[in-house]
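Here is the structure we will look at, set down as structure tokens.
The first chain written gets the first letter, and so on, giving A, B, C and D; residue counts start at 1 in each chain.
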Amino acid sequence: MIKRIFDWLKQPLGLIAVGIAVLALFSLAAYGIYTTQQPPEQPIQFPHQTHVAFGIQCLYCHPGAAKGPAAGIPSQAKCWGCHNQIAKTQTSLLLAPLKDAVTSGTPIEWVPVAQVPDFVQFNHRAHIAAGKNCEDCHGDMSKVTIAQNPQVFNMGWCLNCHVETAGQDHEKLVKLSDCGTCHY
Amino acid sequence: MAYEKKHAEHAHAAHAHGEEHFREKHLMLDPLPRGQMNDMVMESMMEKPTWKFWVVIAILSAIVAYGLVYSWAKMIAEGLGIAGVNRPAYWGIFLVNTVFWIGISHAGTFISAILRVFKAEFRRPFTRAAELMTTFGLVQAGFSIFMHMGRVWLSYWLMPYPNQRMLWPNLHSPLTWDLLAITTYLLSSTMYLFLPLIPDLAMARDRSTGWRKNFYKILALGFRGTEGEWTHLRNAMNIFAFAIIPVMFSVHTIVSWDFAAATRPGWSSTIFGPYFVVGALHSGMGAVIVVLAVIRATMKHMKYFIRAEHFDAIGKLMLIISMAWAYFFFNDYMVQWYGGDKWTKQLLHFHEAGPMGWMWFAMLIFNIVIPWAILWNPKWRSTPWLVSIVGILINVGMWFERYIIIPVSLTINRMPFTWRLYKPGVEIPLGLGTLAFFILLYMIASKLIPLIPVWEVQEGQMAHELKKFGRETVVTVSELE
Amino acid sequence: MATLADLKISEVKLSEEQTGKWGMVIDQDICTGCQACVAACAMENNLSFVGEVDSGYGRSMHWIRIERFWEGAYPEVKMTPNQPMMCQQCGSAPCEPVCPAYATMHSQAEQLNLQVYNRCVGTRYCANNCPYQVRSFNWRDYERPEPLSNQLNPDVTVRRRGVMEKCTFCIQRIHKAQDKAKSEGREVVDGEFTTACAQACPANAITFGRVDDPESLVSQLAHRGHGVKHLEELGALPSVTYFKGG
Amino acid sequence: MSEQFSRRDFLKLAGVGAATTAILTGCGPASRYVKREPYMQMPEYNYNGQSTYYATTCRECAAGCGLVVRTSQGRAIKTEGNANHPLNLGKTCARGQATLQGLYNPDRVTNPMKRASRGADSTQAMDWEAAIQAVADALKNNKPEEIAFLMGMAPDHLFDLVTDLAKATGMNAPVRFGALGMFDARATLSKAAENLFGQASLPFFDVGGAQVVFSFGANFLETWLSPVSYTRGFAGLREAQTKQRGKFVQFESRMSMTGGKADEWLPLRPGTEALVALAIGRLAAEILGGSMPRVFASVDPKDAATKSGIKLETLEHLAEMFASSNGALAIPGGAALGQSNGLAVAEAVLALNALSGNFGKPGGVYLSALAPNQTEYNRPASAREMQALVQNMFDGKIKVLFVHGVNPLFELPASLEFGGASKYVSQIISFASFPDETAREADFIFPDHHGLESWGYQRVATGSAQPVLSGAQPVVSPYYNTRATADVLIAAAQLAGGSFAAALPFKDEVEFLQSKIASLMSEADGSISGPDIATFMAYFQQHGGYWKLTDGRGAPSAEDMLNRTIAAEEAEFAGEGEFFFVPFVSPTLAEAGANKPWLQELADPTTTVMWNTWVEMNSETAHELGIENDDMVKIVSEAGELEAPVYVYPAIRPDTIAMPFGQGHTAFGRYAEGRGVNPADLLGSHFNEAGDLAFAGMKVKVTKTGEKKLLSRLESVMGVYGIGLGEEK
């Protein structure tokens, strides 16, 4: 029985079948990894580039970045502050969810894009204060609609920048490469 | 054993002196025709298993399935809470089993490598059986140490591999060395098991059909028995035999550092290295003798290969090792006691008089009293069932020793507010699972590979003869090649 | 591939002169044993409760425990001064070298013993080697039924099964205070913040601060004399000074 | 609706679930699809990821400590002490810390509910309109004198509201009761103050300023009156760097956590406290010279020594210590007062203070400061007053019983038969946040907010030098469909109309609060003042209350105190049995902590037991009876019996056993239910002269049952007691 299967697999058709199976497995794995890196489905197809094009600063909507750990998602009141003066809000299909949310008083459920695991204590303020710009980590928002990560936020990426930033400053290096700076 | 002497072409030594009882006693002097011996080995391996064999396999598989697979999966899913480890006994039976199985695995190397290097000829028929114990024992040790880990799915972090997080394992930690040593030992002992197996696999290849032929064909690596192949094999084996000895010593020494390097009363002892090595040999020899007795009793033709002389020889070794162990134990105890540290004193008292005191005394009885009482007598130590009972007791005693060193000693620390006894939980099915898996692997191996290195026996038989020195008849060996 | 070790971060000084950075002084004479510190620690640091069976079996997750013993026999019996026992943040910690994964390691920046939960593989060697027995292991995924999880402190990682944990000297508060001070362009002032246990202690028996700053309250208390470091003979250079008083 | 009130709206619980999920799941692909809800309307002072702190008042006991609660994204994260609050100066006890486990307890009452029938398990959810209607009906359809309010011990705004309502409509005045008050023997203290000083008040003992403190049974470091404040006082007594280290002597039959801190711990025979106090007074008066005060004259120290079991030399040495200190302090409290002669004990101990002349001096005895909007001390009901209420219930005089903030079925001794009497009450309406024993009996449960979700104020009865009105405000919006009881009562009163509506002419609770504190707005010595009530109210909430900047404590007059006679008789004990029975309040759980898992998991300070009830028994006695640790014993008193495991305790009299009060709930959520036993079941209805329950006046029988129940301890029995280490240690 086993021998028969082996024999079948050894013939050209069998080899092709094996090849296809292996390829399929690889592509499945690749696709899995790919999906985790895709910008997620959002309740509103929020066009970052449009807002940036209007000259709105990042910190206008995400003021927390300059003050504390989280940049924050703007409250609906903030969205509405501008949008209720824009006629298109009333007609645009894209903006219907916003209108609904504001009128019905239900919060919009955004899906966070730039995330670090919960065992990483990230503080936006320190990074802004150190002269980092938003786009250094989050990419150029004038080019994307829904925010997407230009790179994988992992420890190697963080540490690289930390070590580069510290340069020859020994004290800074100690602080920036200390486990306890991010993990507690 | 009624073997027809006329077929014994190579038994000229025995013929020459006609010492019947010597021949019966010594395998080396009781040669059989090569083909017949090969057939005997093949038969013992290929013999159709009886229903008893299958029942035992089924029981062992059930224990492995429950103990090893189910219980371990459950423990991974739910956490170590279902085991008995607690504060302060953070290490429990998992580590006891790890040390125990590594100890068991020492016997194979000891018998195979050290006795080979020292040319102790009685080793020849059972080197394979002992080496199998090494490999299979190490597998169990590996299981045990992985069971012990809180997040076993991340155990690859203990391996040094380049990563962008710039993190390496901590080379200060004895545990890192432990892992490296065990891995090295597992790899080298597996290779050392395989090398002498090649000619036997070739022999089996030539004498089997069907899937077995394919199986042996692959494993025998095309060994044909040419002079060149034999030379290479001998050289490789010689290199390995010498190289594996320091590995073997280092493994248990490093295991002992897990304890000796810690700042705990009862643990930080400089003598732990050799003490652990001797302890390992003690349990290993005990296990070998049990395995030999079982093989001899259950497998066909084995009474020819494994004889009283072998039990006698191993018995002597056991006696010596038991004495060495007693010496180290006494030395360790003496210095700890003499040190006068209040926590250590408390610990020693706890060992003897505490709730696990029975175990401490049982350890001394099993490891010292019983071996000494029985093994001094040549007749008794040549009796397979008796020595194998001694072997089992030594193993129990050595398991107790590790149990006393790990969870019992962990009970006492420098913070009396936290002292607490350890009660095993899921460790018991898991431990039994490793034991069952060990036996299962052995049983399967006994049906797949020749348990007797038949070429080594034949080689020995060719080189042996009896010589008379005055009135004494002595078995001598003339150098091969 | 470079390693952190290649970055030439200065070795920990193992000398007696090493002072450490953060330290604590505990006055056992005024500690009443009321458990406020224990509760405060549990609330601040997202400690799990383990239930009756596990807690009675030495698996409680207290990062700080109050030890008390008895002296003499009735009627002359006395309770020894309560001894709050938490991670002593040793300068030369026995837990650190034994971890095979560098999950417990010395913070060069803060001079604390870090426990990096996400690096921990759960060998529990550190806990064995801790002379103070102050480490707790997550033996299970302890249940925290909804909505109890609402009170979880977002600044502290929630630990899951299989990792070791211990007192951190409220490192999240240290970082917070440092971050605040930095954003205001100044240094952290002594007494600006404190650990959860010290903050709660009704008797003020716990004082926390910079031991490398001779002006700080904790330094002054520590140098008041007759203070002891627990198990000092082991040379682990603990950062907590105890006053037995009485 | 006031400006502040609208804060409730924007404290929208934004992304609570989402944030939790994010915390719990970590970084796997799953967490990429975590959802986050932004604020509908971001509070101006708030930034994402940054905490907001609100000042409020701790409601875990009646002391009234100020809290500052850290909140993040609309969730309460941590309670901290309010550093400016004069009572606790930024400190909290363990119960204050664990408040959040009450707020986010999985077993809270989530809805107004109607019970199918009395005692039935099944309930039916209601809406609040129906609930208010039900309350209004209960008020309207019964005669005012048939309506009774039973409330918690805290003198808070709700008590004021109900008092106003009762005054205006002729309802029964609300009764405040709590087990802590019973075990504190507050009525006895207040009665003794009335007898001796001519003014009913809780005496305040300035432990921190004293050099020598003699405590007769007062467990002031645990649950007594105001534990945080007294603990601070104790630290002051011991602070060696500022002055000489003060001495502390404790007289009690079982070493409490407080006794554990004493320099000298004296296990006297229960019931002889008055005798011992007077004997020490006599010996001290002899040392001090002058004429022997009448109050001590009739006592024979030798007799006292024999009866109490304290050696005469010890008494002499203590008297020496007492006399040599300028203004030594003596505190009566706890089990010493909960005996048939409790009032005499209190008076005798206060007489000792008169001897040392410390009245109104630092380190001495004061009358507690009355809160700013208070005119006289209003003590909670004594057990005898509760018995009167129960009798009225039995007699059918009470048709409607409102219960708020108290759990009489658990806290009152079973022998008072509250449970039996409740059957004669046609309607019981509970405002409990938790499904406790009483709520389980109630016909309706109209859950109040948790303390951290509600408005209010609370008068600080004792513990602070300054008069304090502690303020409370919601720190998070209500998690469940609960409603403030004050709002319910106001709405129901409006609905009921008539005198009810006239008594509570307020729109809501906040307006009522404002009306109550308006008078404090412009007082000169106040901590805050405001030009108008809205501003003042905002400051009141922001600062966590209002307090005077001056010392408001009164100095009692010592006149004639030493010329009284105090009967120095021993206490009488009820029941037959060889053991004195001392119930004490668990320092970590107190009366209502059992439903908070972390309080359960705190080690008891003396025994380190967690999650259970134990019986403390002297080592020698246990040995004689063949009892070991964890052996179950059956304890029988005249009032009942129960079984509990033994903790062999080295510091208890051989003729005494002790049990903690706090466990033994038959309801109250998953963490409390069915755990341990309630020693109140053993207490008979005997009272002292002041009407407090003689809870320490029982004698009980103890028999071994043969079973074992392993107590969960933090300590090691091996390490601490040397048990199980081998023969000699």
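Throughout what follows, a contact is a pair of C-beta atoms (placed from the backbone, for glycine too) under 8 Å apart; a residue touches a chain by one contact, two chains touch by 3 or more.
None of these values were measured; they are calculated from a predicted model.
Counting hops only between chains that touch, chain C reaches chain D in a minimum of 1.
Among the chains, the centre nearest to the mean of all shown protein C-alpha atoms is found for C.
Of all chain pairs, the one linked by the largest number of contacting C-beta pairs is C-D.
The distance from the centre of chain A to the centre of chain D, with each centre set as the mean of the Cα atoms, comes to 52 Å.
Averaging C-alpha coordinates per chain places the centre of chain A 55 Å away from that of chain B.
Per-chain CA centroids place chain A at a distance of 36 Å from chain C. Chain geometry summary: the mean Cα position of chain B and that of chain D are 66 Å apart.
Residue numbers of chain A whose C-beta contacts span two or more other chains: 117-119. Residue positions of chain B touching 2 or more other chains, listed in rising order: 163-164, 166, 415-418, 420.
Across the assembly, chain C contributes 4, 57, 65, 67, 69, 102, 105, 119, 158 as residues in contact with two or more other chains. If you draw each protein chain as a dot and join the dots that touch, every dot ends up joined to every other dot. Residues 117-119, 121, 123, 125-126, 129, 163, 170, 173-175, 177-181, 183-184 of chain A are the ones touching chain C in the complex.
Chain C meets chain D in the complex at residues 27, 29-30, 32-36, 38-40, 42-44, 47, 49-53, 55-57, 60, 62, 65-70, 73-75, 77-79, 82, 145-154, 158, 196, 199-205, 224, 245-246.
Interface of chain B with chain D (complex): residues 346, 349-350, 352-355, 357, 411, 415-421. Interface residues of chain B, counted against chain C in their complex, comprise 78-82, 85-91, 148-152, 154-155, 157-158, 162-164, 166-170, 172-176, 179, 258, 261-264, 410, 413-418, 420, 423. Listing the residues of chain A that touch chain D in their complex gives 35-36, 40, 63-64, 67-78, 105, 107-112, 115-119.
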